[in-house]
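The data blocks that follow each hold one structure.
After this come two complexes, each holding chain A, first together with chain B and then together with chain C.
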Partner chain A sequence: MSTRTTRGKTAAMSIAAALALTLTACASDSQGATTTTGGGEVSGEVALLTPIYEGTEGQRLLEDELLPQFYEKYPDVKVTVDYTTYNKLNEKLTTSVASGLIPDVMMMGVGWVEGFAERGVLADLSERGITPESLEGDYSDEIVRAGMWDGDVYAVPIMLDTRFGVARMDLLREAGYDAPPTSWDELLEMSEALTIRAADGTLERTGFDILSLDPRQMFETMLFSAGGDLFTEDLSAPAFNSEAGVDALQFVVDLVHESKVEDIGFSSANADVNPLISGRAAMAITHNSLWTQTEEAAPELLDQLEPFVIQGEAPGMFFGGTLATMAKSSKNPAAAQALLEFLASPGPALAANEQRGNVPALTELLDSDYVKGNRLVQFAMENLDSAKREGGPSQWLEIRAEIKPAVEAALLRQKTPQEALDDLAATAKTAMDR
Partner chain B sequence: MTDLRAAPSNASRTSDRAAVPRALRSAAPRQSRSGRKMRRAGWLMVAPSIAHIGLWTAIPVIATFALSLTDYNVFSAPRWIGLENYVEIWGDPTFRKATWNTVVYTFWTVPVSMAIAVVIAVALNQKLKLQNWYRAAFFLPQVTATVAIAMVWLWIYNPQQGLLNAALAVVGIPGQAWLADPDWALWGVILVGVWQGIGIKMLIYIAALQNIDESLYEAASIDGASAVRKFFSITLPMLKPATFFVFVISIIGAFQVFDQVYVLTDGGPANSTTMMTYEVYRSAFQNFRMGMASAQSVLLFAFLLVVTLVSRRATRSDAE
Partner chain C sequence: MTATTARAAMTAADRAANPRTRRARMRKKKSWQSRAILNLLLGIGALTMIVPFLWMVVTSLKSPAELAQFPPTLWPQEWRWSNYSEALRAAPFHLYFRNSLLISVGHTVMTLTLASMAGYALARIPFKGRELIFMSFVAMLMIPTYTKIVPQFLIVKFMPLFGGNDLLGQGGIGWLNSWWALIIPGGLSASAIFLFRQFYLSLPKELEEAARLDGLGEFRIFAQIYTPLIKPAVATVGLLTFQESWNNFLWPLLVTTRDDLRVIQVGLAVFQQLESTSWHYLMAGTTLATIPMVLLFLFCQRYFVEGFTHAGIK
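== the complex of A and B ==
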């Protein structure tokens, strides 16, 4: 009897000890103690929602090259991937939040993090050892800030999408110019000189293409060039309807209607071929991926592409990008963090950037062969200090959707630039005060 | 079904019982038990449909009405705000524009595609070579994904390499930036809607045409009626019930237009092609304002309800 009691006590104590050990292990997991050490301690299934790695090539890169490397390091983690595009990312995120099935790791754009962080969807990475200080050496300040909300880190940057000016030097030289413009006055003069129309007035070549980019991104680039900002420094009110904003919008409206540099409909954001490649534009505000597009479509033109910062009151360069975040509700936070850190690490980040022709967020990748061999990406990285990003307030996604129709209304002369921006500012203020 | 309808009420059952001869009364409980069994079986049979409609239609509809009175952003619990969403919609110029665009789209796509569909249906109801091939060809847009169709139309409307401008150039008409010009963009969307809507309407009309008694045409021929006269005096009047049906489903379909706008224009330029459904989508998935999206959906529902009731009234008076 007494032997049975002793055995029972021993068994109970063993179970209690095992339970305590398990709980301790779980607790250390949830606090992220195992996150950066890697190895077999990290386990579980994690879901990844990504708008990058798109298409067959992107999928192949992620599933055949990157994830096998991740599994080598973390054999007990299983990753399920949900591919989407930036156009559908909002829907995916909304429905996943509504259903309570939030992916463990989510990639989202610059300007998106603030809203999801404020609403408690994202994990505070500062609490898990990823602090602003730990990122400072690897990224420029403005890029680190793109992943922050309320002083804490919620996202780690992977790639940047930059917009700046690019000139076709062969066409510029034909017109007697040997360098891209260095001021708005020069930009206007050269745009007019480089524009070609047929005898019947049909536009054959625009001197400066502003229509192949999303109107929001085009306006933001010009706004930054005019020395303006999207919001006040404390993010309490819109600032894009300032004098600088109106000047920026007036400049592009005048390019179309007064200088007749480009006609509405001459190009669009979903144009099959970039007008700089087809020779239908001599200069343009464009995306850094123009280099890879040209490599595929007309490699002989690569030497003719000359990037330039649109210089007004300030250097005009805009950057968006893709950042990796983690769900606050993740059931396997250590595994999720391991995946996030892996995807943002130099090797995988470089491969993802190369696949999309984008700008690596990590400063150390400036010396990589990919960056050295891509003039536009190299230019973007060298000038990141003067680049500004979009976003800021947590209601950015709501405000963002309203910018395009406002800019279009001004471009179509349905409203003056001042009216269009004031109306947009009123809408933005209502959203911010809500 | 007949038994269920014939089942007597409690009151009539009592009075019937008094009238039934004693010898026959013993059979009544057996009959009643069998009636109950039949009713139970009937309810069991319709239960899956009731559950399906309740779960996927009734509850979402009730939830939409309830959410329309709240501020709900998915991330936090809905907050009751009464009619504030409706007040905001009333003062929202973009939603007013979307409503007007939807009405214009419906006004043009429904009658135009109906008129074209009836003509094609009559033509394809004749004994033609490759008749089935033609019918399939006209019906194809209906069963093709709208996104794929819209992509093809994007190429057709392309100002530089598009088919439409190339065709116009042949006859000396200058091309347009169809989807970038606010004066043309809505017409571009309407044309796609007309083209895509012809197939299903044509199919319904062909089915209706095959039910028209041939003797009417024979009698008209004996009286010397021309083909045009037969069309207006026999075919169109005999197609009235089908026409009302097509009219109602077309209006409902037109008010729900979304895919074409999403792919072709994204609501632009400058909101010139935005529609009610597109604004619902924007509120819900771009602005995370589910309460507002619900209120906009309720208004869309109200629009459709009114249109359907008016059409139903018209159908009934026609039947009488």
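== the complex of A and C ==
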């Protein structure tokens, strides 16, 4: 009797589970294809893929503040938003391209545009009136170039992520310095003087932290400071293994192994807290978001943060960022372009930057209250003319994944800087010639 | 001679007279020592396992200012319970939680049903090509998940007669942006089939023969005779499937574009921006996200451990 009851219950539960699954699956509606509707030139449904505006705050900004403004101007356009993360953006774009379901407007990073433009995924915005000349007045040249491929514009910048030097002035003053370093010699001397070790040799404070950001971005900042470039002018070959590149990598390797300014493992890109905030570093190469992190964790330190470009043969400052692109296959190109231009326009771009604590790409936003109230963002904008970006060749996403292991191999002394960069250059060249 | 001295003298005499007792005592002492060492080692192992979990909970109760301190504090100076409510407000977690639960339960039910049948067939029903099919399943275990993502995505997108697709799978979006895409592809795995097969293989053939003599058919032998004997396998596969499904992040992100179909892991990613992480919120959200798994493990612990021991899984 009890076996029969159990059996009956099991059967009923199985049927219920199967039914529930079927009903749930059937209840989901399918996404209709975008179609151009009547009622005006700019109309239709456009899909937006974005790694920014995430979370409740970001969504509220986009859907409750920005898109209503857009709809006021373009009432016949409907925007569907697909939120993703930067970490998985590449997978999202790759599967979209492979399946042919490419979002009408896509946000992507600096260095990403080239590959997708070469594969014919992105619309040539120059053909649609967004030319390099039309952007030059609004952005610095290097930022405009970040959205270009083969002489044409494929992307419009919205926000920038910058890396430069930041010093804790309270710690510098304690050691007798009243300003950040202005050359590599000064940087080395101050880094050594500001480093503190315990009696048993344990590192307590690094004079110059180079480990709390991605090794690739750290190397690129130093490479630009050494006057080097990632690739040759015509993008036909790597240039990061030039004398400048080797000098840059040798400098950081020596900081660790000769000057003992920082120990491997002392910090990492995934560290809970930036060592500048915890007082475990006196100077560092860091991201502009340090300001917002400090605001949250230790606002009393904000006055002590002093940004500086890492001055070598050239000013060393690196920028990445987020750009808006448009799909070549968009069924509603006018609506897609309208959305792209709207998101990159001053008001929405400023709001997006403010929400993430990033650097606006538009030069005119230098005078905004947000920029004036964020010392690191303001510094970044004031020095954008001397900032350089990563990317260049269409194979950049493939090449960039190889830079971190190469830099780490040199830092761990598994290879000399020259060997590490030459091997990396060979890998990059193979990818570029493919 | 006092009583104590007499007892001591007798004990010494006993010891001298009875070497067996002495050996037994020695063995007892040795066994106590080895048990103490074993317990110590297991205790250290258990502590090592639980410390990250405790650290997560403690971190979820600290303020950003406290998290910035070095050396880090062990115990929160100020218990910030509000981190939990604030974290829950950062994304529609109730929705994500429901979706994760539906998908995980769906995957678990499907896997238990289908994988146990497949495992039974491979273990107990002789048919031509059985070994080849089994080896194919074993080979599937070697394929990294990442390499399967794009082909799997294309299968889902070109699913005929769904999402506006025609018979050839053209013209629409197939299963994309639907519960089908979230549930069906994860509904069966080669590893689950493999585990079930190993369990069914370990059961005696005599049971099957007796059942056949009693007139039971194949399905009833599977459902009423053998499957009730492999509860540890059911618990193990069920828990592993639920856990994998609960922690899945990439697939739900890829096959959906609508926020109302997103899962809890996608919600947690909100706290990890490119250059900064809100650790206090991330740890609060993660603590909440682990609760279903912890509860499930507590309820199925006995079978789960048995299953692992039996299958030799580490």
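We adopt the following convention: the second predicted complex is superposed on the first by the 393 of 434 C-alpha atoms of A that agree within 3 Å, B and C clash if a C-alpha of one lies under 4 Å from a C-alpha of the other, contacts with A are read in each partner's own complex, and residues count from 1 in each chain.
As a convention for this text, a contact is a pair of C-beta atoms (placed from the backbone, for glycine too) under 8 Å apart; a residue touches a chain by one contact, two chains touch by 3 or more.
Remember, it's a predicted structure, so these values are computed and weren't measured experimentally.
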item	value
Which superposed partner A:Ala98 touches (first chain B, second chain C, both, neither)	both
First, second, both or neither for A:Val121, with chain B first and chain C second	first
First (chain B), second (chain C), both or neither touched by A:Gln293	second
Partner chain in contact with A:Ala198 - chain B first, chain C second, else both or neither	neither
Contacts of A:Asp263 with chain B and chain C, given as first, second, both or neither	first
Chain touching more of chain A, residue-wise (chain B, chain C)	C
Contact residues of chain A, present in both the chain B and the chain C interface	91, 94, 98, 270, 272
Complex interface listing, chain C residues touching chain A	64-65, 67-70, 72, 89-92, 102, 105-106, 109-110, 113, 149-150, 153-154, 157-158, 162-164, 172-173, 176-180, 183-184, 224, 249-250, 253-254, 257-259, 261-262, 266, 269-277, 279
Of all residues in chain B, those that touch chain A in their complex	71, 73-76, 94, 154, 158-159, 161, 176-182, 266-271, 282, 284-290
Touching residues on chain A, where the partner in the complex is chain C	7, 14, 17-18, 21, 24-25, 27-33, 47, 49, 54-57, 59, 80-88, 91-92, 94-95, 98-99, 101, 103, 161, 270, 272-273, 275, 277-280, 287, 289, 292-293, 296-298, 356
Interface residues, chain A side, partner chain B - complex	90-91, 94, 97-98, 115, 119-121, 263-266, 268, 270, 272, 397-398, 401, 404-405, 408-409, 411-412, 414, 431, 434
